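Two complexes come next, and they have one chain in common, chain A, joined by chain B in the first and chain C in the second.
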Partner chain A sequence: MVGVLQYAKQRVDALRGNYETQRIHEDDLGTHFQLLLLVVAVVFPIAVALAVSTKQSGVVTSVVDLLPGGYAVENYREVLVDYQFGRFMWNSLAMSVVIVVGKLIISVFAAMAIVYYRVPYKDLVFLFILFTLLLPVPVRFIPLFQLMNDLGWSNTILAITVPYLASATTVFILRQHFLSIPTSIVETAKLDGVGPLKFMLFVLLPMSKGVLVGVSIIMFVYAWNQYLWPLIIIDSEANQVAQVGLQLLQGDVQGGQLSWSLVMAGSTLTLLPPLLLMIVFRKPLLETFSIQQK
Partner chain B sequence: MTTVTLHNLRKEFDDVVAVNGIDLEIVDGEFLVIVGPSGCGKSTTLRLLAGLEDATDGEIVMDGRDVTAVEPKDRNVAMVFQNYALYPHMTGRRNITFGMKSSGDFTDEEIDRRVEEAAETLDIADLLDRKPQAMSGGERQRVALGRAIVRDPDAFLMDEPLSNLDAKLRIQMRAELAQLHTSLGTTTVYVTHDQTEAMTLGERVVVMNDGRIMQVDEPQTLYDFPANRFVAEFIGDPAMNMLPVDIENGTAVHDAFTIQLPNADGGVRNGAKESGDASIRDGQRAVLGVRPEDLYMATDRPNTGDETLNATVNVTEPLGDSLLLHCSIGETPCKIQAKARSEIRPDDTVSIAYDPARLHLFDPESGDALYHSESYASSESAAAAADHG
Partner chain C sequence: MSTREIFDSRIESGLLLLPTLLVTVVFLYYPTALAFRTSFFDSSFGRAEVFVGLENYVELLTSSGYHQSIIISVVFAAVVVVGVVVVSLYLTFLIHEVDTGQGLYLISVIWPYALPPAVGALVFLFITHPTLGVLTGPIESLGVEVDWFNNGSQAFVVVALAAIWKQIGYNVIFMIAAMNNVPDTLTETAELDGVGGLRRLVSVYIPIMTPTIFFLVIINTIYAFFGTFAFVDLLTSGGPSNATNILIFNLYQEGFSFFNFGIASAKSVVLFVIVGVLMFVQFQITDKYSYYGG
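Moving on to the complex of A and B:
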């Protein structure tokens, strides 16, 4: 982190003209070295996982073991066909999509009400929504477990999605964005007699496209990575999600036969959907964060 | 065709009084400008008219219909905002038609026809397929105007529509707005902080301060016969000079000079306070108001009389068409508009003459006008004579 800060400072100084061109070139080298270190630190575990997923046993004892092996196709085939990992991935995808869509719908309505309507004790309501950040799902496991059983939802997709639908973070980000939309636009719509639903669909949502996409990506990755709650509430293998499913790839652990190569193949597969989303939607994602900084 | 009447209109935001009981009648087809410094309540008044704010007290009547509690969309008014308020993701055409389509009062053919008409009036046909991002400020404001006129509203409400444009474009758009109003004849209420805009555009101008109306009059009347000190200083650039004086025998006595007041027995033409009861008394303290352009170098016009006063020049500002002098008359600061290219330097002492027909007296406490040296009636008869001559 210090390196990044130093870099930022140097760039500012350089822009101010305190550094000669020669120095900037040297600084660039240093900067690239720092960036390279950071990238290696982030990528290394993933590279190891990738390499191990192509091995027969996947036990790494020397540097040579990190070279790619020749069992890639077999490992991935075994994971997807024999262990039906595709089924887990599908469940994960369904869960994540339902959570993202549900969150967006609820949060858009909530943020719209908070920003554009005269609700009594509006600020208090918003404060209460923010307060729920102090009580994340893991804190509520025991009452939630009871509730899901009472509702008869355990082992269903409802159990792993509904508790996540309300999101203080999303409401907050959308509220900030809605507040940044000029009031005169809202007032023009009011004068024109544009109804609230029409206003939302034709004005608010199109003007919030970037933020909505950015928030969706963050929420998707968050939902996709859920582990503990599905582990607790889902006990049938057919309904299980990928993050928990990885455990089933371990094989005969008691017999000392932990099949790391299969686990890593599964991990690599699990990594792909969020990675693809991140790559495709990196622009709106960055915009979302830059809006928060405003 | 709409007459709008405001009765004792009042708006409070928590403990701040934005509009403090104003009465105003806006005549059908009139171009009325509301002007005042920021925070004077002019925008709030406009927003009350639009229905975007709820009045705390008082009533708004449009064509005999009390609309005080009526929803904005049911008032049939169109508003133009300072920041244009165009939907950024819609083309010019969709921006114009979106509101009409939403209201559902118009058929598609009707909408198309009206858009074509508006596009022709405002010369925006080539902007209809562009998004606001690809338009300049002036073009955006034109599309916003188009959106306002297609609905054929009973009244246009404009909230500083030209303030975001650069100076040159502002002057051009000002002329276009005046032209547009002439051709449409729709009642227009226009809010601005710029007194030049107010003077050039308004058929009548409302000057507001601290939530109250200071004066409502035609622009030239506002300038020539300000009802109080605030209007006198607000209208006109550079502002009117204010010199504290004592009244003695029909003369204004200052530490540094004595000025004979013409028609000193006359009163002030000021709405209800017609001449007589507000006239000046001997021994009274007052503030003498005289505009910088009504003061000039005695040497420039030697035959205007021998009453002169002496002033010390502090700073000179060449404005091109004139030379603005910041002077002191006695202890009182004062501005004088001298001829351009005058050979005057700081620390010079100059002899100043004044136009005796352009003197004003104000009450030092209340600020109300006590006296204008030219009576309103005589200025009107002079104007009439000029018309006939």
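Moving on to the complex of A and C:
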């Protein structure tokens, strides 16, 4: 099990390009050319969205129309205020932060109990939690909808956060990481008579910073991008999230009441939070992925 | 003997596990049990439930619309999985081959991991729009009339392309780690033997990366079945003439357009079985994989 950490580190080093490689070939221009083409293909749709979001109308008839226009401030203001994206984004943010923080706290608790307590049946409990990987939202949303109605939670932030709090993935990743912390450190803590709370706050959490950040990014992206469940359970615009806000824009633009430049401004806004987080925290994110795969 | 199990209070460990177990039981296991139960009832809004035994399942077995949805889902998953894996493998290979700009290339192709499916859908709707899409002109100049609002096969292609685009990032993240893990000596030997370019990818890297590729095939299949709801909802609403009506969208319609909760629950159970089979296969593979890393 100690091997996990070394293994993960190797991978991350490789990802960072820290490899001491002795390449016997030079960079091939053809390879760069193909890469550039593919990168352009992957980035193109979003580049178009970004360009169009700054124009007066969404009509693009030539390449020149893809140059940035002068209506950026006006368009984004209109989407944020008149089309309530300020509100939707705020609701999405609240939903995502509650899910991330809640998941982290209760998953750290659960993983700590599973790794550091000598109690019977804990492997069974871990399996019980892991088994929920079989129960993603698409399998449950019909009965969950009925349950929310019974609880009176429909159309509230409780409905779009609480069902997401338990996380087999997070508990699994944290457990793997805890198992990679050397036993000598754990035993020293025990000899020093450190209690569970102190152990968690002063030993476990400081040694898990990277993983906690990585898991947070994975969970934020997951929560922010939820579409199906809020679509079903939230029915007032005041409580709606950005993803479903996009659906409202889509309805208007198909009906001809809205310019595409505003739809692209709304899309760009909705993309920004997860994209920025991913770019800023890509190192811990990639490290955490390598634990997950293991 | 060294151990990590430094605490032994059953009450503490129980309290630590309680939040996760509570959410798991109430919002994951209970709704699933409810879905099984409701699948044996005729159930809808505002009317008493009537026990109907296996009638809902019999209806699914005999419904040609549902059979069509199954076939569409399977073909869609096949197209998406093959598309994602082939494109991602080639991209990963190109990135692996260059020395300069590796980090920049990597982030430019893994960012769609953060892309909200709803944003991806709207951007694709815009760039391939039959009358004002940026790509419509160039495609039509090749002699294809872009008419995917009415043409089922074209709609299928548009949804599949959007779905593939979003999933490339996640795949490259895992593939680059696996490819960087291939021993350099192997690459060098291959090059000395004159095995260059694509042949090295096919006959050296891919065989070694098989476990990662299998893992991604399963993840991508689950994604194609369940994670693509927003693409279908925003691009085609399952149309035209049900050409893109995959199982998850079909289930959504059953529940929230027709309000047949009995039949919708039976459909949820079918999805549960599909997830179960896929997870079981993945479990078998991951089991082997954990020994593979050494």
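Basically, the second predicted complex is superposed on the first by the 238 of 294 C-alpha atoms of A that agree within 3 Å, B and C clash if a C-alpha of one lies under 4 Å from a C-alpha of the other, contacts with A are read in each partner's own complex, and residues count from 1 in each chain.
Everything below uses one rule, namely that a contact is a pair of C-beta atoms (placed from the backbone, for glycine too) under 8 Å apart; a residue touches a chain by one contact, two chains touch by 3 or more.
Keep in mind that this is a model prediction, so the values were computed, not measured.
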Of the partners chain B and chain C, which touch A:F289 in the superposed model: first, second, both, neither?
second
Examine A:E187 and indicate which partner it touches, taking first as chain B and second as chain C; both and neither are also allowed.
both
Could you look at A:F145 and tell me whether it touches chain B, chain C, both or neither (first, second, both, neither)?
second
Should A:L127 be classified as contacting the first partner (chain B), the second (chain C), both, or neither?
neither
Where does A:V171 make contact in the superposed view: on chain B (first), on chain C (second), on both, or on neither?
second
Could you look at A:L201 and tell me whether it touches chain B, chain C, both or neither (first, second, both, neither)?
neither
Should A:A238 be classified as contacting the first partner (chain B), the second (chain C), both, or neither?
neither
Is A:L246 in contact with chain B, with chain C, with both, or with neither (first, second, both, neither)?
second
Between chain B and chain C, which one contacts more residues of chain A in the superposed model?
C
Show which residues of chain A both chain B and chain C reach, each in its own complex.
184, 187, 189-190
Complex contacts: residues of chain C adjacent to chain A
2-10, 12-14, 16-17, 19-21, 23-24, 27-32, 34-35, 38, 87, 90-91, 94-95, 97-103, 105-109, 111-120, 122-127, 132, 134, 137, 165, 168, 173-174, 176-177, 180-181, 184, 188, 191-192, 212, 215, 222, 225-226, 229-230, 233-234, 248, 251-252, 255-256, 261, 264-265, 268, 271-272, 275-276, 279, 290, 293-294
Note which residues of chain A are touching chain B in the complex, please.
182, 184-185, 187-195, 198, 202-203, 206-207, 209
Can you list the residues on chain A that touch chain C in the complex?
3, 7, 10-11, 14-17, 19, 21-25, 27-28, 31-32, 34-35, 38-39, 42-46, 48-49, 52, 58-61, 66, 105-107, 109-110, 112-119, 122, 125, 128-129, 132-136, 138-147, 162-163, 165-167, 171, 178-179, 181, 183-184, 186-187, 189-190, 196, 199, 221, 224-225, 227-228, 231-232, 242-244, 246-247, 249-250, 260, 263-264, 266-267, 270-271, 274-275, 277-279, 282, 286, 289-290, 293-294
Per the touch rule, the chain B residues reaching chain A in their complex are 50-52, 72-74, 77-79, 81-89, 98-100, 102-103, 147, 151
